[in-house]
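Before anything else, here is the set of structures, which you'll find just below.
Note that chain A is present in both complexes that follow, paired respectively with chain B and with chain C.
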Partner chain A sequence: MKLTLTLAGALALVSGVAQAQTEISMWYHGAGNEEEAAILKGAIEDFNASQSDWTVVMQSFPQIAYNDSVVAGALGGSLPDILDVDGPVMPNWAWSGYLQPLGLDEAQVAAFLPSTVGRWDGQIYSVGLWDAAVAMMTRKSTLEKYGIRIPTLDQPWTGDEFDEVLATLKASGDFDYPLDVGMAWTGEWYPYAFSPFLQSFGGDIVDRDGYQSADGVLNGDAGIAFGEWWQALFANDMTPGTGQDPASRDTGFLDGKYAITWNGNWTAATVLDAFGDDVLFLPAPDFGHGPKIGAGSWQFGIAATSEHPDGARAFIEHLMQDRYITAFSDTLGLVPATATAAAASKHYGPDGDMAVFYDLSEQQALIRPVSPGYVVMAKVFEKAVADIANGADVIDSLDAAADEIDADIQKNDGYGH
Partner chain B sequence: MASKLTRSNRAGWAFALPGFGLIALFIIVPFFFAFGLSLTNQRLISPNPTAFVGLANYRDLLGLGVITLEPERDAGGQILRGADGTPDYPRVRNFTRNNPDHPRLDGMREWFRWQSGDTQKVVVAKDVVFMKALVNTFTFVLIVAPLQAGLALLLALLINQRLRGINVFRTIYFMPVVVSIVVVSLLWRFIYSGDNGLLNNILSVLSFGLFRPVDWLGNPSTALGAIIAMSIWQAVGFHMVIWLSGLQTISPTLYEAARIEGSSPWQTFRHVTWPGLRNTAVLILIVITMQAFAIFAQVDVMTNGGPRDATQTLVFQAVQRGYGKQDISGGSAISVILFLIVLSISLVQRWLTREKN
Partner chain C sequence: MAAINPANHGLRRLSRYLVLSVVAVVFLFPIVFMIVSSLKPDHQLLADTGSLRAFLPVGDISLDNYRAAFQRAPIGRFVFNSVLVTVITVSLSLLLCSLAAFAFTYLHWFGRGLLFSVVLATLIIPFETIAIPLLLIVSKLPWIGVEGVTYGWLDSYRVQIIPWIADALTVFLFVQYFKDLPRELIEAARVEGATWWQVYTRVVMPLSGPVIATAAILKTLKMYNEQYIWPLITVQSESYRPVMVGLQYFFQLQIAWGEVMAYLTLITVPVLAFYLALQRAFIASIASTGVKG
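So, the complex of A and B:
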C-alpha cells in the first residue's frame, strides 16, 4: 500500500517535470539598445507561448564587454545554451570548443544570404537574421556639379576613375577632404572596411587556400599596389588620417566637410534624413578584381556545453522566420538575410530607400577570412594599414604583417584547418 | 618572536585579513600566474595543449642583432649609387628571412640603422614593437617623473597659503584627478584634433594666424609629447595633495625662527621646507615612477600605440598581446619584464635616498 503510494507520487512528480517547460538560457550582445531588445523579447515571448517544452530566458550584455564575457564564461564553464556571435569571430569560438554545430539542414538556410550563414569545418555553426553592408555614400548634386559619372552596380568606378574623382573633388577646394574612409573608427572597422580594397586589388589578408600563410598574398605585388594606393590617399590629403576625431567621422559628411564617405548601412537612415533623395549609395571602386565589400554580422549559435541543444535549435529556427528578419530590418536598418523578408521590409522592398545595400551584399560581399586565427590577423592588418597611412614603408609594413600572421598560425599548429 | 607577533596582535591580524586576502588574490597570485604562464605557450583560448617552452617568449621579445650592410657593387666592384648619389643597399629582409648564413637573425626586423662610411649598420630586433615600447616607456617616465613632481610641488606651495578662496584653487587643481582617465583622454583627443581642435585654434589666435595647425596625435614626432603633457596635467593634482600634506607637517615654529633670523624666502625653502619634505619627496618619486611605468589608458583611448609605434608602451603591448591577440604567454612575459624593471628601479631609488647615518 505504502509502496504504491510512493510509486504514484514519484510518477506524478516525473510527469510534472515533463510538463513544465525546460529553461533555455541565452546571451545577447545588444544591451542598451531598447528597440532591438524589444523585437528580441517579442520573439522570445512568441516562442515561449507557442510550445510547451522550452522557455527561453535572455540576458543582455553591452556589446563592448560581450566577447570578454563569453571568453570568461567559457573559462569558468558557465556558458548559456544560446550565444550570439560576431561572424568573423565564430570560427575561433567553434575551434576553441565553445560552440557546437547548429544541426540545421542546408534547405533551411538555402534562402539566406551566404554571408549570414556561419560555416566552419564543413558544418553550419551559426546563422544570422541580417547582414551589414558598406557603400560609398555621396550626394547626386555633388557628382553632377563636378561632372562626375554616377557609377552603377554593373559599372562601378575603376580604380583610376576613382582617383580622378577624388582629384577633381580635391581641386574644387569646396571640401576639407574629398573622401572619408573613417580612420577614427579603430578596431574591427579597419579589416572590415579596408581589406575589401586589398581584395579588389587581388590580394588578401591570408591565403584562403588552407589559411596557412599570408606570405605572398598580403605582401605580394597586389598587396604592395594596394599599399601604395592607400598611402597616396593620405599623403595627398584625400582622406583624414588616423588623427581624425570621432565627431568628425560622425558628422563630417553631413556638414559638407567630406564629399564622399565610406560608411555602413547603419548610418543610412541619418544620411537619408539629412539629404533625402539626393543621397547616393554607390558600390566600391573596382581595382581590377571586381568591387568588394565586407560581410558577416552578428549570428546565433549553440554553446558546446548546452544540455538542451534541441530546445536551443528550436528557438533559433523560430527566430529564422521572415517576420522577425523584417522587424529587425525595419527598426534597425539592417540588411535582411532573405529576399522574401527584404521584399516585405520598409527599407529594402522594391522601392525601399536602402534596397541598394541588399544588392551590394548579394553581389559584392566577401566574408572575412574564415579562420580561428582571424582575430589575430585582424589586429595585425589594422596595425599595418594604420602604419602605412602614417607614412611607414609599404613593403616593410606588409612584410612585417605577413611574418607576424605566419608566426601566429605556426604557434597555433595551423589553427585546425 | 613570531608567536608574540601573532598572539598579541590577533585583532590586528583579523582587521588586516580582508586587505591581505584581496591583495594576495588579485595581485600576488596573478603575479605568480604571469610568471608561470610566461614560460609556456598558453593561449587565451585554444583547444591545443599548453606546453612548457622555457625562455622562448623572452628570447622572442629581447632578441637583438646587428647587420653590416655593404653597398651593392657592380661586376667591376664599383658601388652602385641611386640618383641622389647614395649607395644602394641590399634589403634587410634578405638576411632575416630563410637565410641559412644567418640563422640567428631569422625572423628579425629592422629597428634602426646608421651610416659609417659606405657601409650601414642595421640593428635588428626579434620584436621591434616591443623595443619601441620599451624606449617610449622609459622616455615617458624620465620626462614625467621630474616634471610632474616639480610642478606638483610648485602648486602645493602656491595653495599652501592662507588666502581667501584658496579652496577654490585647491579644487580646480585637484579636479582632473577625480575625473576618469578615459573621459579625460577622450576630451584631450578633441583638444588635440588636427582639423579644428582647441589647441590648434588657441595657438592660431595667439600667433595671429601664423601657426600652422598640427595633427598632434597623428604625427609621430608630436604624439608622445602630447600624451606626456596631458598625463602630467591629469595626475599633477594627486601629487600636489601629497606634497601639501608634507608641507603641513612642518612645524610653524621653524618658519617663525627662520623669519626672526631674517632668512630670505629662497633660504627658507632651501633650509626649512625642503629638508622637512624629505620623506614626502621619496614617496612621491617612487609613486610617480611606478605610475608612469604603468601608462596604458591614455594610449588605448587616444592613439592605439600609433602613429607608427610612436606611442607604444609596455602595458599597452601586454594587453594588446595577451587579450587582443590572445597570446597570454607573450603578454605575461612583458608583464614580468616590466615588474623586474620597476622593482630594480625602486630598489635603486630606495638605496639612493636612504638615510645616511
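So, the complex of A and C:
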C-alpha cells in the first residue's frame, strides 16, 4: 500500500512537471556557426528559466541543407513549433501552408527595420533580429592614390563614374581585377547582390505590381541596359567570372588582388582587422534609379502545424528584446533590427566602425520580391546573370528568363496574389 | 633458346616499378593534400595551392584545425552514427541479398526470371525520383518499440537502415558469383540429404568470400560516403546525423578550409581502415568477377 502511494505520488509529480513545462520545438539553420548558436542558446536558457509554462528545445541544421529539411519535414508532417526562415523564402512557406501568422501587433514591430518584418497577405509571418547589408568595400589609400572621389550616401557614384573608376583602377595594372562581385558565391548571393544593380537601372526580377509577370521589367529596356553593362564587366576583365574559386573570393581583396569588393557586412570585421581605418564601406552606384542594395535576412516564424502557437509566440517576443539584437550584432557584425539596439551596439553606435551599414539598410535597402514564386525567380535570375557573364546573348537570356518566370507564375495560378 | 639477360630483366623490373610508383603517387595526391592541408592555417593553405608546397607539411604546421573542427561539430557522434548505420545495413544486406540471390540461382519457382529482371530494372531508377514518395511512406510506417506502437520512422536510425538493406546491385553480384560455383558441389550436397538452408550456409557461403568482400566494400562506401540526401530529409536531430550531412557544418559563408580538411581526414580514417583490411579479398573478387568499382 505504501509503495502504491509512493508510486502514485511520483507519477502525479512527474505529470505535474510535464504539464507545467510544455516543450516547444524549434529548428534553426546555423549548425556549425558556433558564435551565432551560442547567443541563441543563451536566449533559450534565459527564456526557459524566466517562466514555467514552456521549454524551448532547439535542433540545428547546416544552412545549406536547411530549406530542404524544412520542406521534407512539412511533407513528412514533422515540422517543429518554431522555424527560422530566410526573409525572401518566407512568402513561399506561408503560401505553401508551412507557416501561420505570428499574431504580433503592429506596435510590437514598429521599431524594427521594415526589411526585418516578414509580411504576406497583409499579415506578419516572421520577424528578424538583424538584417544584412552589402557595400562596395575598398581602401581609402587606394582611392586617394588614383585620385578617385570618395562617394557618400547622399552622393554615390553614378553609373558612368563607377565605370570610370573601374577603368582607372584596371589601367593602373596594380590589381588582378579592379572589382570583385563574388561570382564564386553561387546560389542566393546572385539575386541578393546583383538584382539591386538591375533595380538601379530601373528594371526588376518581376513586376511588383501584382507579381504576375516579369515580362517588360526583367527584359525591358532597363533590363537590357543592365545586362549589357553586366556583360561588359566580364568581357573587359573588370571582375572575375563564374570560374572564380571560393578561396579567391574570401581572400582576394585582403591579398590586394582586387581593388574593390562587393561584399556583405558579415565580412566587415575581417576587413577592418586587416586594414583598420583605411577601410571604406561605400554605397552602391546609382545607375539612374537610385542606389539599391538587397535586404531581408533570417527571421523567426511559427509553423502552421504548431499545437502551441502561444508558447512559440512568447519565445519569439522574448527574442525581440534589444539585448539579444545587440548581442547578435556585437558578436557577428550583423545590422541590428532596431535603432535603439544599434545605438547600444559596439559596431553600430554613434562612432561604430560599421554604422554605415545601418544607414545603408535604412536608406537603400529594397527587399527581394515578396512572392511565393521568388524561390523560382531566384534560380532563373541566377542562371540568366551567369549566362550573360559567360557571354550569352543579353536579350535572349533575359527573354528566356522572363518567359520561365511567367510560366511558373501561371502554373501556380498567380501564387495567390 | 636465348638465355635471359639479367641486366635486361632488372631494367624492365625497374621501369615497371617506376611507372607503378608514379601512378601510385598520382592516386595518393588527393589524400596527401587533404592531410597536409588539415595541418595548415587557412591563409597558408590557400597560398600553397599553386605550388608543390600544397603537398608538403611545411610552414606553420599545427593541430589547430582539428581542435576547431571538434569544437564546431560533434564529429565523434557523426562518425559513430555513420559506422553504426553502415555496419548494420551492410550486415543485413549481405544476408538478405545473398539469400535472394541463392533463390534466384538455385531454386526453381514460378516467375523467377521475371522477378530477377524487375529487380535488375530498379538499378536504372535514380534515387532522387523515389526520395519523396519514400519519405511519405516512412513518415507513416508503424514501429513497435519501448514506447509501444508508434507511427512514423523519421528522425531515427531505422529510417537510415531499413530502406537500404535490399539493393539490386548486391543481389546481382551474388547471383553472378553463385552461377560460377560448380553445380556438382550443390548437387552432391543435395544427394547427401542437405536441406537448401544447409546448402546455403555450409556450401555456398563458405565459398563466397571474395563476393562477400566486394559487396561489403561497395555497400560500405555507398552507406558511409554517399548517404546525404536521405538523412538530410529524414533526420532532424543532431544525435542521429551521419558524417556527410555533418560536413555541411563547415560550409559557412566564409569557409574554414583547414577545418574542412581536418574533418575529411577524420571521417576518412574508418573507411580507409576497412578498405585496407579487405583489400586482398576485394582485388581477388574483382579479378574473378570482372566487376569494376
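Points worth noting:
The rule is short, and it goes like this: the second predicted complex is superposed on the first by the 399 of 417 C-alpha atoms of A that agree within 3 Å, B and C clash if a C-alpha of one lies under 4 Å from a C-alpha of the other, contacts with A are read in each partner's own complex, and residues count from 1 in each chain.
Criterion: contacts are C-beta pairs under 8 Å (C-beta built on N, C-alpha and C of every residue); 3 or more make two chains touch, one makes a residue touch a chain.
Predicted model, so just to flag it, every value in this text is computed and none were measured.
With chain A as the common reference, the superposed partners chain B and chain C clash. Applying the stated contact rule after C-alpha superposition, one finds that A:G147 touches neither chain B nor chain C. When both complexes are overlaid on chain A, the residue A:A247 reaches chain B and chain C alike. Annotation for chain A, partner touching more residues between chain B and chain C: B. Using the contact criterion defined above for the overlaid structures, shared-chain residue A:G73 touches chain C, although it does not reach chain B. When both complexes are overlaid on chain A, the residue A:G173 reaches neither chain B nor chain C. After overlaying the two complexes on the shared chain, residue contacts for A:G122 are found with neither chain B nor chain C. Residue contacts after overlaying the shared chain place A:G416 against chain B, while chain C stays out of touching range.
In the superposition on chain A, A:G32 makes contact with chain C only, not with chain B.
Shared-chain residue A:P350: touches no atom of chain B or chain C. Overlap of the chain B and chain C contact sets on chain A: residues 75, 246-247. Interface residues of chain A facing chain C in the complex, by the touch rule stated above, are 27, 31-34, 59-65, 68-69, 72-73, 75-78, 246-247, 250-251, 264, 266-267, 270. Those residues of chain A whose C-beta lies close enough to touch chain B in the complex are 71, 74-75, 92, 95-98, 176, 186, 240-248, 375-376, 379-380, 383, 386-387, 390-392, 396, 399-400, 403, 407-408, 411-413, 416.
Taken in their complex, chain C has these residues touching chain A: 43, 46, 49, 71-73, 132, 135-136, 138-139, 152, 154-155, 232-234, 236-238, 245-246, 248-255, 257. Note for the complex: chain B touches chain A at residues 41, 43-48, 93, 97, 107, 109-110, 128, 189-190, 192-195, 197, 215-220, 303-309, 320, 324-327.
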